[in-house]
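Take a look at the structures listed below.
Below are two complexes that have subunit A in common, paired first with subunit B and then with subunit C.
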Partner chain A sequence: MSEKRPFTRPIASDWWAHPPYRAYTVRELSGVAVAVYGAVLFVGLVSLWRGPDSYGAFLRFLKSPVSILLNLVLLAAVLYHVVTWFQILPKTMPKLIVDGKQVPQARITTLVLRAVGFGAVCLVLLTIGFAR
Partner chain B sequence: MPDAALAEKTIELKILRYRPASDAEPAFGSFTVPYTDDMSVLQGLQTIKDTLDGTLSFRWSCRMAVCGSCGMMINGTPRLACNTFLRNLLPGPVTIEPLNNFPIERDLVVSVGDFVKKIESIYPYIIPREPKTIEEGPYLQTPAQLAAYESFSDCINCMLCYAACPQFGENPDFIGPGAMALLQRYNGDSRDGGRLKRIDAISGDNGVWSCTAVGICSDVCPKNVDPANAVNQNKTNSAFDFFLRFLRKEDAQ
Partner chain C sequence: MSEAAGRAAPEKRSISPIFWLLFGAGGMLAAVFGPALILITDLLAPTGIGLPENFEDYSHALAFAKNPIGKLVVLAVISLFFWHGAERLYLTLKDMKARPLLVLKFGTYGVAAAVTLATFALLLSIGF
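Here is the complex of A and B:
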């Protein structure tokens, strides 16, 4: 007689809260910061459309301590999201072969992050230049 | 195997036992084994089976990370018992469980039937792009064309990636990292022309879109196959195929 009686252990419902999965969870949650950042910009656009009074109120909100703290937190979260996003980038593309050899994934991440960082700094400098 | 009888040091192994004929559910059993610095966890298990409890069940074959039989959860991480050394797990106790996300057959032995079916479903062989006769000579390939899929051909079907994948844990029908690595081994081969046969395995309900890029599958892989790369580059392929499927001349099979 067969003794076969496979036992299925359920996956822990809080798997996402523990290492090594915690880093993944934080990475995905940092995406919410990107959305909130976008929402703040969108509110600014709407207030600009509604007129000078509304836009002035939006600017006053931006200068408030609460807003500055919020923006610092959002900036940190968005930067984390950007870095981790480009860490995954090599996983989402075919292997990059140069001279018959695979380019290491860390090298791709480093190069792209440098390019993105350079682009971001240029954009900030351009914006400051236009604002003057 | 090293002469465990000569060893002076001992280490405690806590092993999740399950004997379907007598146990309602798995429970931990504790064994204290003598060890030497060159002993693997697998050799620890063999020592238990030889000297302490002959009923302990586990799979193994090659003892050198080639056959992929001895995958198990060691201190909560999916690892091959043969290339995990007891000296690195001091002072213990070492927790040993069957691979996560798989039904337990007995002790450390899990059911592999569903995984084998997935492997079969992806046409795991070269379907020549242009069939040749022997007289026409071999199928040639450049080193760059080889490098495009080579890591994926290193898979030893040990299923550690499945034990590391929470999405497979949530949905056992998910094709999973290992089968997708093998699929990419053939799809990425310049000699192969079977892409359309394999597109359903990629784009279907239990295909690559069940993956959320957790990425631990690649971290635990003992052969650096990088299954996460295989799964995630096929998301791009799946998206391309969705938009460009009207342009192709043949139907998916």
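Here is the complex of A and C:
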């Protein structure tokens, strides 16, 4: 027979706004920025489906300062997502052993970030090259 | 890895792994292609920096959406990005003790599901 002795340590309701949890909150919300970009594309798809006039209005919105500012914020947030995502990666995979030595987690993050960064730069440059 | 006891008494299975899978796929897609996509579609193309004015005009965008591979790209990016954001927003709001959970689920996973279905329908309606 076990007697239930519930004790819940009190915690401030705004715990997520203060260190060390704030970093966690910011990281999670950077994932929401990913969805916001998805929403921009979704609005574009709906306007494309509605026709040239509607799509023209969408393009005019993309050219507006509000959109440029929004997308600069989205870009910064998604870049933060990229870095934190690959910081998590080594924690979610089996130990990587090369030549009998475990590869440090920070090393895996650095190598993957370099590869992904190189790939992204190539993608942008190739797009610019082919669109000429 | 799984214990014999676990096999003997099959428990009620959680559907959470489905959401983790969608969350992980969206997170990886965003981590690999997200910044380049935002830069190309929302910053360089509209401002004409490096890309021609007609890069994403009506006819180009329509041709992309009519192409089967283009359709797959659009569906994957829009829906998986929404599922990724939904998982993170739901768990964060839950940890912030926002309630009721049913409303949170509709506002996150529900929105992602609705957008996925709508994207699928729009792409079909646009045709091939």
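Keep in mind that, in the parts below, the second predicted complex is superposed on the first by the 121 of 132 C-alpha atoms of A that agree within 3 Å, B and C clash if a C-alpha of one lies under 4 Å from a C-alpha of the other, contacts with A are read in each partner's own complex, and residues count from 1 in each chain.
What we mean here is this: a residue touches a chain if its C-beta (ideal position, glycine included) is under 8 Å from a C-beta of that chain, and two chains touch if they have at least 3 such contacts.
All values derive from a computational prediction rather than experimental measurement.
K.L.:
Contacts for A:P6 in the overlay, against subunit B (first) and subunit C (second): which applies, first, second, both or neither?
P.N.:
A:P6 sits against subunit B, while subunit C stays out of touch.
K.L.:
Between subunit B (first) and subunit C (second), which does A:W16 come into contact with in this model arrangement: first, second, both, or neither?
P.N.:
The answer is both, since A:W16 touches subunit B and subunit C.
K.L.:
Is A:L75 contacted by the first partner subunit B, the second partner subunit C, both or neither?
P.N.:
After superposition on chain A, A:L75 lies in contact with subunit C alone.
K.L.:
Thinking of the overlay built on chain A, is A:S67 touched by subunit B (first), by subunit C (second), by both, or by neither?
P.N.:
second
K.L.:
Who contacts more of subunit A, subunit B or subunit C?
P.N.:
After superposing on chain A, more of subunit A is contacted by C.
K.L.:
Looking at A:L48 after the superposition, I want to know if it touches subunit B, subunit C, both of them or none. Which is it: first, second, both, neither?
P.N.:
Only subunit C; A:L48 stays clear of subunit B.
K.L.:
By the touch definition above, which subunit A residues appear in both interfaces, subunit B in one complex and subunit C in the other?
P.N.:
After superposing on chain A, subunit A residues 16, 28 contact both subunit B and subunit C.
K.L.:
Touching residues of subunit A toward subunit B in the complex: what are they?
P.N.:
3-9, 11, 15-16, 20-21, 24, 28, 88, 90-95, 97, 99-102, 105
K.L.:
Please give the residue numbers of subunit B that touch subunit A in the complex, ascending.
P.N.:
18-21, 25-26, 100-101, 103-106, 111, 142-144, 147-149, 151, 166, 169-170, 188, 212-216, 218-219, 226, 228-229, 232-233, 235-236
K.L.:
Residues of subunit A touching subunit C in their complex?
P.N.:
Per the touch definition, subunit A meets subunit C at residues 13, 16, 25, 28-29, 31-42, 44-46, 48-49, 52, 55-56, 59, 62-63, 67-68, 71-72, 74-75, 78-79, 81-82, 85-86, 116, 119-120, 123-124, 127-128, 131-132.
K.L.:
Can you tell me which positions in subunit C touch subunit A when the two form their complex?
P.N.:
Interface residues on the subunit C side: 26-28, 30-47, 50-52, 55-58, 61-62, 65, 74, 77-82, 84-89, 91-92, 95-97, 112, 115, 118-119, 122-123, 125-126.
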